[in-house]
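What follows is a set of structures to go through.
Paired with chain B in one complex and with chain C in the other, chain A is shared by the two complexes that follow.
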Partner chain A sequence: MKLSKSFKPARLLGTAMTSLALLGTGLSAQAATDEYLLTVTRPNQLHVIDTKTDKLLRSCDVPGTFGNGGVAPSPDGKIAYVMTNKWEDVVGFDISNCKIVFSMSQSTPKEQVKSIISMAISADGKELYTVQNPVTLHKDHFETQQPRLAVYNTADGMDAKPVRTFPVDRRITKLGYIEATNEVILGGGDVKAINAKTGKIRTLAKLQNWDRSPEGWVPPDAFQMHTIGEHIGEYIMPYFTIKWNGAPGDMEKAEFLWGMTRIDTKTGELTSGEVLPFEFIVFNWLTDPNDSDIVYGAFNTLSKHNIKEGKTLKVHNMPHTYYNINMLQDGSKIYVGGTSSDISVHDPETLEKIGSIQLSGDMSTSDMRIAKVQR
Partner chain B sequence: MHMYLHEEVLKQMKHLKSFNKKAKMLDAAVSQGDVEEVVAMQSVVGCTSVNDPGWEVDPFGGLGSLCQPMESDLYGCADACWWPAQVPDTMSSHPNWSQDVAKADEDWRKIDAIFPESE
Partner chain C sequence: MKNHSMKRVIRFGGAVAFLGLASTASAIDGPQIIKENCLLCHSETGNAEAPFSRISQQRKTPEGWQTTINRMKSQRGLSLKPEHERVLIKYLADHQGLAPAETADLRYVLERQPNVVEQNVPEHVAGTCTGCHSSARSGLQRRTTDEWQKLIHFHMGQVPTIEYLAGHRDRPWFQIALNETAVKMGEGYPLQTQAWSDWKAKPKAALNGQWAVSGFVPDKGEFTAVMSVMPNQKDNYITLINGHYADGSKLTGSGSATVFTGYEWRGAIVIDGRKMRQVFAASEDGKQMAGRMYLKNDEVMGGRVLAEKADKAATLVSVTPSSIKQGASQTLIIAGANLSNKVSLGNGVKVEKVISQSADRLVVQVKADAKAAIGQRTLSVGKQTLENAVAVYDQVARVEITPTESIARIGGNGGPIPKRKSTYRAVGYAAGADGKPGTEDDLSLGYLPATWSLKAFDEVAEHDNDLKYAGSIDAKGIFTPGDAGLNPERKMSTNNVGNLAVVGTVKDGANSVSGEAHLLVTVQDFVKELIQ
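Moving on to the complex of A and B:
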């Protein structure tokens, strides 16, 4: 295996949005916005953290057994939708007082329905989407059914029912929403988008079914947990691949590479390609709000990279594994969380630790989302 | 590694006689080539569908890229049903497992093992 430090990205990302444009839009929005960090811990509590002070504001008890800790904030930042009860139910909280304003249960006595990570909110906040994976519970066997996108009206409040459903692929996890086209992003074997009014599906980026020759490339292995990128309106998803520079399987000549698929959730513009040599594992990439060529990753390390140059700029060793990473929209602080019960706060410039937020339980697979509330 | 295991299983199946209805259906599917290829870790899909090496070795053949310590990863594997053979699956079969242990790294002594109910 060759881990080349002089890697040159084959298909560069980040040309669509200039750093200047990001900086300009960010500054006007920041002045009037309060940002709250949202995450869920075992046994089952939603935590609301003030990012000005990095102090815990309140903890809301979530009904049901811990699920995946999935959190989707409403576009106005006031409601946090939490996936709970063994990945089956969604409960919406007013984050200012923990009042439950929305609930839905997907399973029935005859049909078990799990949503694997997949939950998203429309850009106007009126609809909530899940991908349902139904299994009919017969007396002597289970029967898997066609997965479907389920659409809920958030205004329906308690015990809401789907208003529309559409068939979708298996193995869909991370969802997003494209404002310009009113489509739900379906992160699965390939990245697709579905019109939530008509059910029409189009492919955005091929991964599992990409067109490259197996003589030259290994099909990408995409990791699609945790919704990342809302701090600047992105849907970002890493993948891993191997480029065979010799015969397939010749590890001496092979290059192990990180790639990513990045979608502007406002316009739907997508870029996808290899960006960095695979030197260590990260669970997700996160784009710097002030320079779209700079990304951060977290796992056993917190790392900073320039994807235009294909270089790792800094690596900071972490005291334990973290699954999840997020940052403020002005780029002033990075939050690293998931797994255990502490969120580690870091300076994006130096990657040094500048704070810690202690929680009452383990985050496990929970999301760590930013809710932006206009003052 | 996953493809090797898959082929080995298929090879062994040639020497076995199908006993019940489900085994006969699987046998027929194998002979018709209808059994889907195993796809390793293409995406997270819940119980038994993720074919991941486990905690034994990382992608580089070492240990440095495994989750550390394992207590930080324990609930992440149980809740996502990532390795249901190694960790009780809280998604379906054992939802109440260790619900009273909020912090695995501090209270790992309180975490119980799972035993078959008949024993």
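Moving on to the complex of A and C:
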């Protein structure tokens, strides 16, 4: 985010000049990085796409029934952890050859355990985290148990078991990881962080339980299923709220607003607040690497906004609904995917379509993540 | 002949197994079937009043028990012989059913009545259950508080994403559902109620005999009939139906019915070659049945049915149409059995002639004087009377299209889910004494014949050309939606969905009066349930 000012002049040169501009800003590490787009399609394949050519490199068969298509790349970009088997199991693939290097199953005959999207990897790649939602399977009834953060050692390989668990809130979806504090971000009704060694939880941003008066505001609907902003080291929890400028329920005077809690996953620095009028449904917000005031969203449209000014800059109508969006770390291309079987590639400047990647099946709710591999 | 039709009905019963005949050979009873098939998971409590865990702590409708057994079969490995399944559902509905008073306000969901906008939804249900279910679905169950709470736990296990759904995730849904909703359900819909104790203690009337019937099917119109109900097994009947549609064409059919809980009539009948279902409630004295009859494969195509036990007594059920304009002649079809032909509608309305009389109906021509008093009239046929049966009116002041809010669903086009139609009728009103339409004293004229058209509901629908794609309405007020699937002609290749207004226009002399209803044409319902 802090890079934004120095990048601005480079952006003006347009996308064709981007790689040159990057070299010019001294981020040689980025130039030495290959980026791969990872996604999952039905019936259950992990796809590895080379973002230089936008061609499918390989497809790996994922064991088990399709779940949500969740993917988490390892920090070195070499392993893709895929959530499978109806939100219950995680399988780790070496993306260079589809070899399975890690697996774990969460449910047992006496306990059904689902992780609703929540999966993350520590910054050093040594630990994998899920939030488990356990339900005890009694002979003739279910009993809902408190969710817990489960910590796995990625080095444990096949059939790994949790090495630690800690109680957490209900209805957590996307996880992130803060490098500076070694905490796992828990994205739920409120955004919290947990120390995965001690289980200590702190609140990063109150959303569902915010302190605002219900006379003035509707408690936000905060929800995050897909992209989190790994292209620049960010975690965004979007939310929707209504501001009552008149009496609560007076829609004439009400303002419908998008808000977001945005966390720098390197430093833990956080901002939270309303950013845009609610004009579009989007499933995720994605920050432009070159200007942290610029965000993109996708659903039935691909749109570009300035959140500092609260303005929509551009809107591009999409031919069908896309749940997911991601972007290269140099800001040169936007990938819009999910829902159906094609990933649509767009120019961030104009939002025009510049390419398409056809996959063998529907992505449905799948993640579309970027794995960054050092050359 | 009888055996042949019985067999046919059983075969047709597939989707709703309990609609078939009761077992003819099964000596095994409900508790024995539970003991032999359910105790791998359920346990015996040792309490004779509530002998089985989870099962004895609930009361449900026949459809409710069928839903439970369907789930046990599809998800929990239960395998039951079809005849044992029927015996078990009958046993559970009879011994752990709902009293007539407990289902009275919520029968629409059992009757599969389309386009119901639910009223008086309890607040604790609205925020917790109605995102997926009708309010009637939980309102037609009775459980202990512990059982209501187990139902919440069941939802968390069965549908783990439930607390993440829009409308749920902005609150601690699970905690609210478990600690507030389930507790209120236990108070409002408890296992033990006075209504149920009273109903259990009452003798139940046998429903065999002759029934005078009136009803409506959208594509055929009003009908009158006599239904002969003959006992077969206990609480199980053979039915024969004979009658007329309003245009004089004949209606014949045969089928069977099972009565659950002493009053829940579930019939499968083939009328003029079409398979139909009957979901009726018998009155507590067994002299009346009311409910809905619909096409088995197209449940929107159905309508209200009213049946009166006739046997040999004169029985008057209904009259259609239910209005006559001052100065006009009108043919009236009077549904009933063993009726005299002495018809009166009071001063100013003269019976010009008896057109025909048959076992199921009396058809007369009447004329209202130009100055006949405006208002509702009592119909007398011999000693039988029907209050507020026919309204004398001056002019049609307004027309309401019913249902006012409706949904149709695209389908067909090679896909597995058929189109879901929507049907409309026009209800007329005269202005009443104050001369102003839309006020409390408006005089209801009942259903009136109308012509039908569609228009875009709003600017967006206009812009998206919904009218071209979403479907068409016929002369009978039956809307048929468009084909399922992506349509490349449309924006984003969207389906043939649309937002339309249904316009019904009633001719009243030289005037035309129109009313409008709202119709959303949407995608298929991919989760079809016995109780929505």
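Just so we're on the same page, the second predicted complex is superposed on the first by the 348 of 375 C-alpha atoms of A that agree within 3 Å, B and C clash if a C-alpha of one lies under 4 Å from a C-alpha of the other, contacts with A are read in each partner's own complex, and residues count from 1 in each chain.
In this section, contacts are C-beta pairs under 8 Å (C-beta built on N, C-alpha and C of every residue); 3 or more make two chains touch, one makes a residue touch a chain.
Here the structure is a predicted model, which is why all the values come from computation and not from measurement.
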item: Combined model on chain A where chain B meets chain C, clash or fit; value: clash
item: Which superposed partner A:N133 touches (first chain B, second chain C, both, neither); value: both
item: Partner chain(s) touched by A:G338 [first = chain B, second = chain C, both, neither]; value: first
item: Which of chain B and chain C A:I281 touches, first, second, both or neither; value: first
item: Broader residue contact with chain A after superposition on the shared chain, chain B or chain C; value: B
item: Chain B versus chain C as contact partner of A:R170, first or second or both or neither; value: both
item: Partner chain in contact with A:H320 - chain B first, chain C second, else both or neither; value: both
item: Which superposed partner A:T144 touches (first chain B, second chain C, both, neither); value: second
item: Touching partner for A:Q208 - first (chain B), second (chain C), both, neither; value: both
item: Contacts of A:T365 with chain B and chain C, given as first, second, both or neither; value: first
item: Among 22-30, 184-192 or 400-408 on chain C, the segment whose C-alpha atoms clash with chain B after superposition; value: 184-192
item: Chain A positions touched by chain B in one structure and by chain C in the second; value: 87, 112, 114, 116, 133, 170-171, 173, 189, 208, 221-223, 300, 320-321
item: List of chain A residues in touch with chain B within their complex; value: 1, 41-43, 65-69, 86-87, 112, 114, 116-117, 133, 170-173, 187-189, 207-208, 221-225, 256, 278, 280-281, 299-300, 320-323, 338-341, 360-362, 364-365
item: Residue ranges of chain C in contact with chain A within the complex; value: 41-43, 53-54, 150, 152-154, 156-158, 160-161, 163-164, 166, 169-175, 178, 492-493
item: In the complex with chain A, residue positions of chain B that touch it; value: 39-46, 49, 58-60, 64-65, 67-69, 71-73, 75-76, 78-80, 90-92, 95-96, 99-100, 102-106
item: Contact footprint of chain C on chain A as seen in their complex; value: 87, 112, 114, 116, 133, 135, 137, 139-144, 170-171, 173, 189, 208, 219-223, 300, 317-321
